[in-house]
């Protein structure tokens, strides 16, 4: 028995003031149900991924909210692991199916962020960090900036290396009709944008976004021509940066990815296409190293070389990543799985990676306290 | 964010052990977009400090500028106000890392 | 007689020049400097207040005293800028210092003499109960932008630990002169103080300082020349210089403790920082005359004699008053206003 992605549904990502949480959920879930041909009544469980709804809008109890929209009575769960909520939700659903207790699961990530002020959202996002980090007046960009400064000091990574991540992801985003930003940018534009938390400028940071993404995972006996999950792995590390062994790597990513490669029986070289968690440009550089795509410390040069562009050897973030596609927190991990699914099925249109057979998604919570890795194959 | 009396009371008990400690900057950043309660300080430095006793903690770094702040610089913790409390709230006091010259 | 076993001061490093304030209000800085003998003032950062400065001064005093904070059994914080109207600064400072729970805690308020008044009270308790007492004068002085007080309203703190054993100096006489003189006041709920202009001179500062000082000299059957040093409250350069002359003290005697030119007037910490500066350099068995002034009004006059133990104390003491006066960085008026607004944004 294998677990296959039998349906996907995604909304546009962006500043969607005319769409409510429920509107977005209905749109994504509806599309997934239609594509999968699994009727709502056949959904055995709903897993809803979200981080900020309770904090920003006062709405909790989201699992039941989704089943209400689908008009079903199945069990429903809400999963929160900061920005890794989507990946972690998929991991739970995958385990539930593997256990044999359910056959079809809807995993949906929804986030409404643009109804609120930047300060409110920034403060809410710091809920993913440690209390003493909040007391030290830190922000999310600040936490990754601290890692960036340490990486620059230790490995001579430069601001230009980081800018190359944003430029590439915008190039990919320009090919994605659902992406929040579809414009091309240059290294100069990134370097000249306003400082947010040194060395990170505005264009080093993923935006605030509304959006929803849903998949249906099903137990299948015949997996031919279907995209199946070869591995689903979650690992955690200390919530606060100060307590970690190293601030120039994400240990949770290393552990989860090594477990995933083992589960799938592959090595990092076998990954044809990847969606990684570029909440900030430095995060993608760290991911290249932590996932084993390149040697420790070489992440900057790796990205700058162009090797992670569509058409090159290690296409990464073909969706535009978090930077260009947008980052509706709870939805991102699911969006990544949808993007890889489309790539493996040959349905990625202008973003298609030729002959992609094995794909990887990398979804991180907070400054690296949670990492969820999925390996998909067709 | 409202810091309740009991939260502040519980946290203040640690203050004597957190003030007057010597340490070094592990890494830092200068923040230009602040969270609620810290907007009036922008721009400001914050980072991770490793203390002589081996422990590490995130702390605001004060009395620093572009030329003086760097990884490895020595700091000493002092007591300061943390953030901006609302008029009817309690004042929050806590440690910050003062850059030593 | 009560002993001082240690002291500490905290003076913020930022300074604002009289020129920067005056030019903004189109006033003549040279006239102000000439008439009042004031040049610059210390400015506390936005995240500092009377409590944080009091704690820093006390931490220095405790370090130098070589005692455990838990040995302190009485703490008084005197200020006219206590952060709370209701909630004692002394217990917050006590907790920051780690004194435990066995202590008497009190806040005092009497304009610029809030702490010297406490000195006499705590001197009494430490003597009668044989305990260690801590008295701190600390202020982030407020003034209305554009008001003459703005040129001198400064920030700073001084802490003194009292106990008779192993003292580095002894307070051997103390007297006070008080009256209901309304020279300077601030009503509850008001943001800035008001004052009586020239009325703050003769009937206020001069009358009370002269009265208390003469009272003390008479009580001791002493003359000004019996003292090596004299410290008077310093609201500007003119007043303490004139009152010293009137009383028969020389300009040489008041020189060592003269801090107004460097940091302005840190209110409750003014005469105490001046005293600390004298103690930083005084030799054993020297006599110091101190007279504070607090509007509203009153003066505390007391006489101190150093002991032979002061030499070792001075050798071991780090970051003394002169060091703190020298460690400066200038800010401009806009930066100063940003700090004041930030510290008091809700007022």
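As written, the chains take the letters A, B and C, and residue 1 is the first residue of each chain.
Everything below uses one rule, namely that a contact is a pair of C-beta atoms (placed from the backbone, for glycine too) under 8 Å apart; a residue touches a chain by one contact, two chains touch by 3 or more.
Given the structure is predicted, the values throughout are model-derived calculations rather than measurements.
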| item | value |
| --- | --- |
| Comparison of B-C and A-B by number of C-beta pairs in contact, larger one | A-B |
| Per-chain Cα centre nearest the global Cα centre, belonging to chain | B |
| Interchain centroid distance [CA atoms averaged], chain A/chain C, Å | 59 |
| Centre-of-Cα separation between chain C and chain B, whole angstrom | 28 |
| Chain centre separation (chain A, chain B; CA means) in Å | 32 |
| Contacts with 2+ other chains: residues of chain B | 41, 82 |
| Numbers and ranges of chain A residues touching at least 2 other chains | none |
| Residues of chain C that touch chain B when the two form their complex | 13, 45-49, 51-52, 55-56, 59, 69, 83-84, 87, 92, 95-98, 342, 345-346 |
| Residues of chain B defined as touching chain A within the complex | 1, 26-36, 38-39, 41, 43-44, 46-49, 56-60, 71, 82-83, 94 |
| Chain B residues within the chain C interface of the complex | 12-13, 15-17, 19-20, 40-41, 62-63, 78-82, 84, 86-87, 90-91, 93, 96 |
| Residues of chain A touching chain B in the complex | 118-120, 122-123, 126, 130, 132-139, 141-142, 145-150, 153, 194-200, 240-243, 247 |
